[in-house]
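Some notes on the structure that comes next.
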Amino acid sequence: MAMTATGVHHRSYTSELRLRATRAEYVRLALMGVLLVVVPFVLDNYWMSIANTILIAIIGAVGLNILVGYTGQISLGQGGFLAVGAYTSVILSDRMGLPTPLAIALAVVMTAVVGTFFGLPGLRLKGLYLAIATLASQQIIEFLIRRDYGDFLTGGLGYINVERLGFLGFQVGGRDVFERQWYVILAVLAVLSVVAARNIFRTGLGRSFMAVRDQDIAAEAIGVNLTRAKLTAFAVSSGFVGLAGALTAHYSEVVSWEKFTLEVSILYLAMIIVGGLGSIAGAVYGAIFMTLLPVVIRNVANALESVVPFLGSQLPAVQNATFGLVIILFLIIEPRGLNRLWERIKEYFRFWPFRY
Amino acid sequence: MLTRAYQHSLNGSSRPEGLPLLEVDDISLRFGGVKALTNVSFTVTQGHVHAIIGPNGAGKSSLLNCISGIYHPQEGQIRLHTGGGQDFRGKDVQEGQHLLTQLPSYKVARLGVARSFQNIELFSHLSVLENLMLGRHIHMRHSVLASMLWFGPARKQEIEHRHLVEEVIDLLQLQSYRHKPVGALAYGIQKRVELGRALCIQPALLLLDEPMAGMNAEEKEDMARYILDVHELAGVSVVLIEHDMNVVMDISDRVSVLDFGKLIADGTPDEVKADPAVIEAYLGSDTEDDEVKDAERRMQERTDV
Amino acid sequence: GSDGGGGGDDAAPIKIGIIADLTGATGDVGSPYNEGMLAYIDHINAEGGIEGRMIEADSNDYAYEVPQAEDLYRQYVNDGVVAIQGWGTGDTEALSSRVASDELPFMSGSFAETLTDPEEAPYNFVVAPTYSDQMRVALNWINEDSGGSGEVAVFHNDSPFGQAPVADGEAWIEEQGYDLGYQAYPMPGGQQNYVGLLSQAQSQGAKYIVIQNVASPAALVAKDIADQGLDMKIVCLNWCANELFITTAGEEAAEGHMLIQPFAPLVAEKEGHEVINTYLEEEGIDPATIGTSWVQGWYVMHVMAEGIREAIASGDGEVDGPAIREALETMGEIDTGGVVGDGTVEFSAESHRGSTGTGVYMAEGGQMVEVEAGATP
Amino acid sequence: MSTLVAVLAYGLADGAILALAALGFVLIYKATSVINFAQGEFLLVGAYMFYTAFVVMGLPLLAAVVVGVVVATIIGVLVERLILRPMIGESPISIIMVTIGLSSLLRAVVQMFYGTSPKSMPKILPTGSVNILGATVPLNRLLVILVAAVVLTAFTIFFRRSRHGIAMRAVADDQQAAMTMGISVRRIFAMAWALAGVSALIAGVLLADISAVDQNLAAFGLLVFPVVILGGLDSVPGTIVGGIIIGLLKQATASYWDPGLATVIPYVVLVLILLVKPYGLFGETRIERV
Amino acid sequence: MSTEPVPAGTVLAGGVPAGAGPAMLTLNNVEVIYDDVILVLRGLSLQVPEGKIVALLGSNGAGKSTTLKAVSGLLPSEHGEVTDGSITFAGQDITRMDAAERVKQGMSLCMEGRHVFEHLTIAENLVAGAYTQKAGASSAEVLDEVYTFFPKLADMRNRVAGYLSGGEQQMLAIGRALMARPKLLMLDEPSLGLAPLLVQEIFGYIQRLNAETGLTVLVIEQNARRALEVADHGYIMEQGRIVLEGPAAELRENPDVKEFYLGLGDEGSRKSYRDVKHYKRRKRWL
């Protein structure tokens, strides 16, 4: 972000405020658009399902990054917030009979509200203390939905089966078209989410979040209402997360507490850290990377199983070990994540062949 | 007051020159057993550069923190007066007063009290431009939906406020650093950015905590010039903490002296530098400032006679 | 991709997907269960397959993580399997509506009563008596043992799996008019002791503790009872009713506790064990290393294979999900040589409850000793 | 009454082990400002190391303890050297993530070598029980309390008495300045991690002795968080108080209320405490001066 | 004296500055690079003779602090590295020595920007300063000495350092550096943020220590006038090189130094800050 390509001269503030300026940037944007469109034509259903998982993860990771990366409020409560979005949307749509899009929208609002509530400790707590307080909210939410006091959520079943998504007379189809239809819905929502998040951070609202992160006393001294900024960040972030949660529910067609555990929180945290804190692009890279990682490991292990039988018999352990190792190596090599790595590569080529 | 070719006034106060702007009324501040301030009172007049000096640990920064709402004194009041003249749009503004001692610091900032810090407190990962735009925070609306949409009000607002920010950039000659992350800038430039961020608030009162510490002679001259520009061209009232007596004597209209949390002198620079209590507590007998020596000598003569 | 039925042409192998827990929270029983299934497939392929068609099973570990199970499921669907063997209650439930819409028969290690209702879960089949039926049998036994009155504490895994039989048990006492006190206590995971639970059971005055959980926590309860010298009898259902419970608790601590186990362990020497013993002998495996869960896996797979056999035999060669489902519902009794419940498993279009009978065992001298075979509620 | 005694004995024993586990965590935090999410895995690794020495290699108890301590030290130092040192100066959250990665790695490695089924290990502590006020209390719980108390006291004295205590805190505050005082930051870091490894080993072995050598040991580690937050992230006495409170609270909730709830009660308490005392009971307030 | 900058190499080829004793610290052609790319010191050479006070002056960003970090071994912790040249201390090559070891050899650095241990009390900060000293009577003596010189510190000895005012922290930082009983004391802008009276006292104290105990001092200062008053020898650096050096008395008379560092007009009198109407042109030395 800090770097502007040499040779770009803006004639007006309007042009300077654009997200993209150079030809290369437009080309890259176009390539990404083409990629998005081409995907459903080349992948089989299984890989489409992974693409869909990635798209949902992108929305969730972007949301989490707003809170953690941009506002500096470390959160381990992602799983809980995903759950709020999922349960709300499903209860509203399937049990109360609201149209699904409306239910999802209300789920977003509901998660924002709950997120704001759990953000309250963030007003007094800082840094690691807050991180651990959010760990507590994760455990508490997880316990509550798992216990389901009064069978309020699942009616004693422990899980909710979700009807196949349909809205405005449109109905997602069966096995053959299921993944592709979902892909279109999710791709649109993911792109909108990413753009909305980027927009936040070129306006005063986003800047105030970053100010809180960098130096909260100074932020207050220039008139930023810390309480409001932090709670807004929690709300906005949770809104995205709630959307991701609701989509998870409707896409996987079942909601149960096991999808929203601490591991999920950690996975999302890994996404934004490996991708790059405080960068929307980073959240996207991270979501892609961390979702693909176990899948790729499994495929590699399966392919190599005949040569190294150990890989197959110990697959989850191998997956976890690789997960851990990748995170460690990654952060040691480039603590600022994939996004930074990408920027470094770009810089390298721009200044190539000069070293300085 | 509009000056030079600038379209915006940086002065956020609508008070006519010469009237009291800030009244510190008998405040006391304690941290546990430590008395940082004891019964301090003084008045800052609109249009003045008001210096606060005193030995280390005298409570100068604490006083500034009290004014800007970061600390809340246990006793006493700090009042900010507004109105009584015309604002920068030329409208008459009713006279009013605000009790700063009860406000959180962001509300104080909203009244137009801007400040810089002793140890630079910039938003180090943001660019100079973003830091300055943050100075406009209190003048902007921050709707979540509009921000997400960008096109429309959000964009319009960004551009609108950018004009004033550019004028500040111009005034402080920060053009070449606009897009640099402030964390990577030289110390002197960072100090200037911090001044700029405060100016973007369009302050009614500007509080500066040791803006020239750690600078060499030439950089001090620059900084002094910037402060004077802000004061003279934009008409902003300034409260300044500074240890370099040459600077203080040269640019301030009035000086308050603190020692051990108590106000030991308050007057014009000339009065203060000749005050024996000040000399003993702060300046030392063999100060480097020739003018102080002069004043001392004169006083000596007077008492001899 | 090849997302059709997968059984189109005659010679092609029949694909089955297995979602197994080898290393997760329930890996202690999941792992032998999986081995049992694979052994059965090995066995049947060695005999020339089902009606000449080989079974190709793809088994993957999901470590008891629901999201992993979903990922595997999608992969299997994409690979064109015709039926799926799952494992836990969580993933079985998570997938039940998906398997219904994808029309894939699904059996699993989850014996929850909700899965037996074809209205709710049209493609799920429960081979063994449900957790609820096991609970009923346990209560019948307790009623008898206690001489008609007593207090029962139910310790259950704090999850849908654990809760499954709790309410049904209480209803059963009411229905039968037993004079039994009944209290349920969730067992949190990862504990170092269950003394807190036991002292609550103690204040209830419970002499019987029904446990619906896996072996290690149940064994911990047994140890704590022994440590504290309490006079309580454990009645383990299914997943802790096995030799793992006995070995983990230790012979002494386990002594005298009761085990409700629908699948007869090898030591019970049923007729249906012969085929297993022959197989083990050929493979050179010591039967002493084969636990109850292994047998469970073998016979659950046997039931599925019989369904496939019937689908091939009765159909026009088309083996797909709906055909297998129909075969299972209409084929009548499937013989298990006395291993499952009262010996046979039977489904119908109205009920996917395969059996209601279960064995009752007692831990004696470190062994499972049969007390009653084919007990039904 | 007898329930109360049992609650006390079992709660204190759990609390004592928690305090030991938390001690390592706090040492690391104090010296290096690292939040170690792998503390539970340190327990796990410690217990399995000891199991290997004691059962697999069949060493006598004392030798097994020595082997365990040596290996734990080496692991602690290696982790510091290979993983955390390159991260010096990075943001706290990146460092948190590294330790999360480490926890995943350690657990997976243990699983690869030892599988997931519990290992049986002969009891080290005597298994008898004593009768206290009408309650049967196993001897091993009492001994656990005793051993933990001795170890914790030893650690506390070490830090009170030696200049390493101050050096550690100095390093935590400002590494560069500490270097200019001639304090070897590397040595202090290595020391903190090694000590954490050793205290985790002791906790892990005690825990394994009263339960079993299995993967659950790592899950126990998560409870370290409520403990340290309660006591204050950087307070050694805080770990003791926090450990005891959490241990007792859990046991009491399980005995008198709802055992399921006992798993979240520590977190509820944690949130409540933080709302009243944002730095725990004994934690150092973060200093913010402008 | 000529206003022409003297190429550093030629002056230093002769070795020790004129009239000085044997060198306690020698930097020879030192080159420092941060982050593998940012070249900060470009062949810097300077010497600090034993028993003398040497002042190092230069504008912001010239590399003064970097020089001291190179000497005290702090560069690795900032991704910096000495890539060329050598540093010798008391006859020993310390270019690659560990930072902690250097302190044991007898050098002590008081860093720019105070760097007190925030959560430690004043007393604990001072004890940490004596880390390399064998505990005992001598440490207690130094402690007393520090307290005598900074009575304010003595009064506040149990206060937590993080809450001290800027100037108080500066006193503490200097006191702490003295606790190691160094042979060479390096001070990075010791007067930053200190009140005039205290600045005066600190320089007086430095002079006294130097006179009484023969302590060698290398001091970086923005307050050039003060520094050149107490120093025996001065170096002026720009952009990572020495551009001017000489006995302090001579430097004080150098017109460039007067104008750019002492803020004096040609006649040697100070111009009021109010009268400065233009932003300063910078002296280009190179």
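In this document, chain identifiers A, B, C, D and E correspond to the written order of the chains, with residue numbering beginning at 1 in each.
Please note the rule applied: a contact is a pair of C-beta atoms (placed from the backbone, for glycine too) under 8 Å apart; a residue touches a chain by one contact, two chains touch by 3 or more.
Here's who's who by UniProt: A, D = Branched-chain amino acid ABC transporter permease; B, E = ABC transporter ATP-binding protein.
Fair warning: this is a prediction, and the values are worked out from it, not measured in the lab.
Participant: Would you pick out the chains that touch subunit B and also touch subunit D?
Facilitator: Touches both subunit B and subunit D: A, E.
Participant: Pick out whichever of the two, A-D or D-E, is joined by more C-beta pairs in contact.
Facilitator: A-D
Participant: Relative to subunit A, which chain has the most distant C-alpha mean position?
Facilitator: E
Participant: Work out the mean Cα position per chain and let me know which chain is farthest from subunit B.
Facilitator: Most distant chain from subunit B: C.
Participant: Centroid from C-alpha atoms only, then distance subunit A to subunit E, rounded to Å. What do you get?
Facilitator: Computed from C-alpha means, the inter-chain centre distance equals 50 Å.
Participant: Based only on mean CA positions, could you tell me how far subunit B sits from subunit E in angstrom?
Facilitator: Computed value for the inter-centroid distance: 31 Å.
Participant: Per the centroid of Cα atoms for each chain, what is the distance between subunit C and subunit D, given in Å?
Facilitator: 38
Participant: Considering subunit D alone, which of its residues make contact with at least two other chains?
Facilitator: Those would be 111, 260, 263, 290.
Participant: Can you tell me which residues of subunit C touch two or more of the remaining chains?
Facilitator: 22-24, 158, 186
Participant: If a residue has to touch 2 or more other chains to count, which residues of subunit B qualify?
Facilitator: Those would be 61, 70, 117-119, 121.
Participant: Enumerate the contact residues on subunit D facing subunit C in the complex.
Facilitator: Within the complex, subunit D contacts subunit C at residues 3, 6-7, 10, 14, 111, 115-118, 120, 127, 129, 136, 138, 207, 210-212, 214, 216, 219-220, 250-256, 258-260, 262-263.
Participant: Under the definition above, what is the set of subunit A residues touching subunit C in their complex?
Facilitator: The contact residues of subunit A facing subunit C are 44-46, 49-50, 53, 146-147, 156-159, 161-162, 164, 174-176, 252-254, 256, 258-259, 263-264, 294-295, 298, 313-317.
Participant: Mind pulling up the subunit D residues that touch subunit E in the complex?
Facilitator: Of all residues in subunit D, those touching subunit E are 88-89, 163, 166-167, 169-170, 172-185, 187, 284, 287, 289.
Participant: Spell out the residues on subunit B that touch subunit E in their complex, using ranges where they run on.
Facilitator: Against subunit E, the touching part of subunit B is residues 31, 34, 53-58, 61-62, 118-119, 173, 186-188, 210, 213-222, 224-225, 228, 243, 245-247, 250-251, 281-284, 286-290.
Participant: Considering the complex alone, what residue numbers of subunit A touch subunit D?
Facilitator: It comes out as residues 68, 74, 121, 124-129, 131-133, 135-137, 139-140, 143, 147, 217-218, 221, 262, 266, 269-270, 273-274, 277, 314, 316-321, 323-328, 331-332, 335-336.
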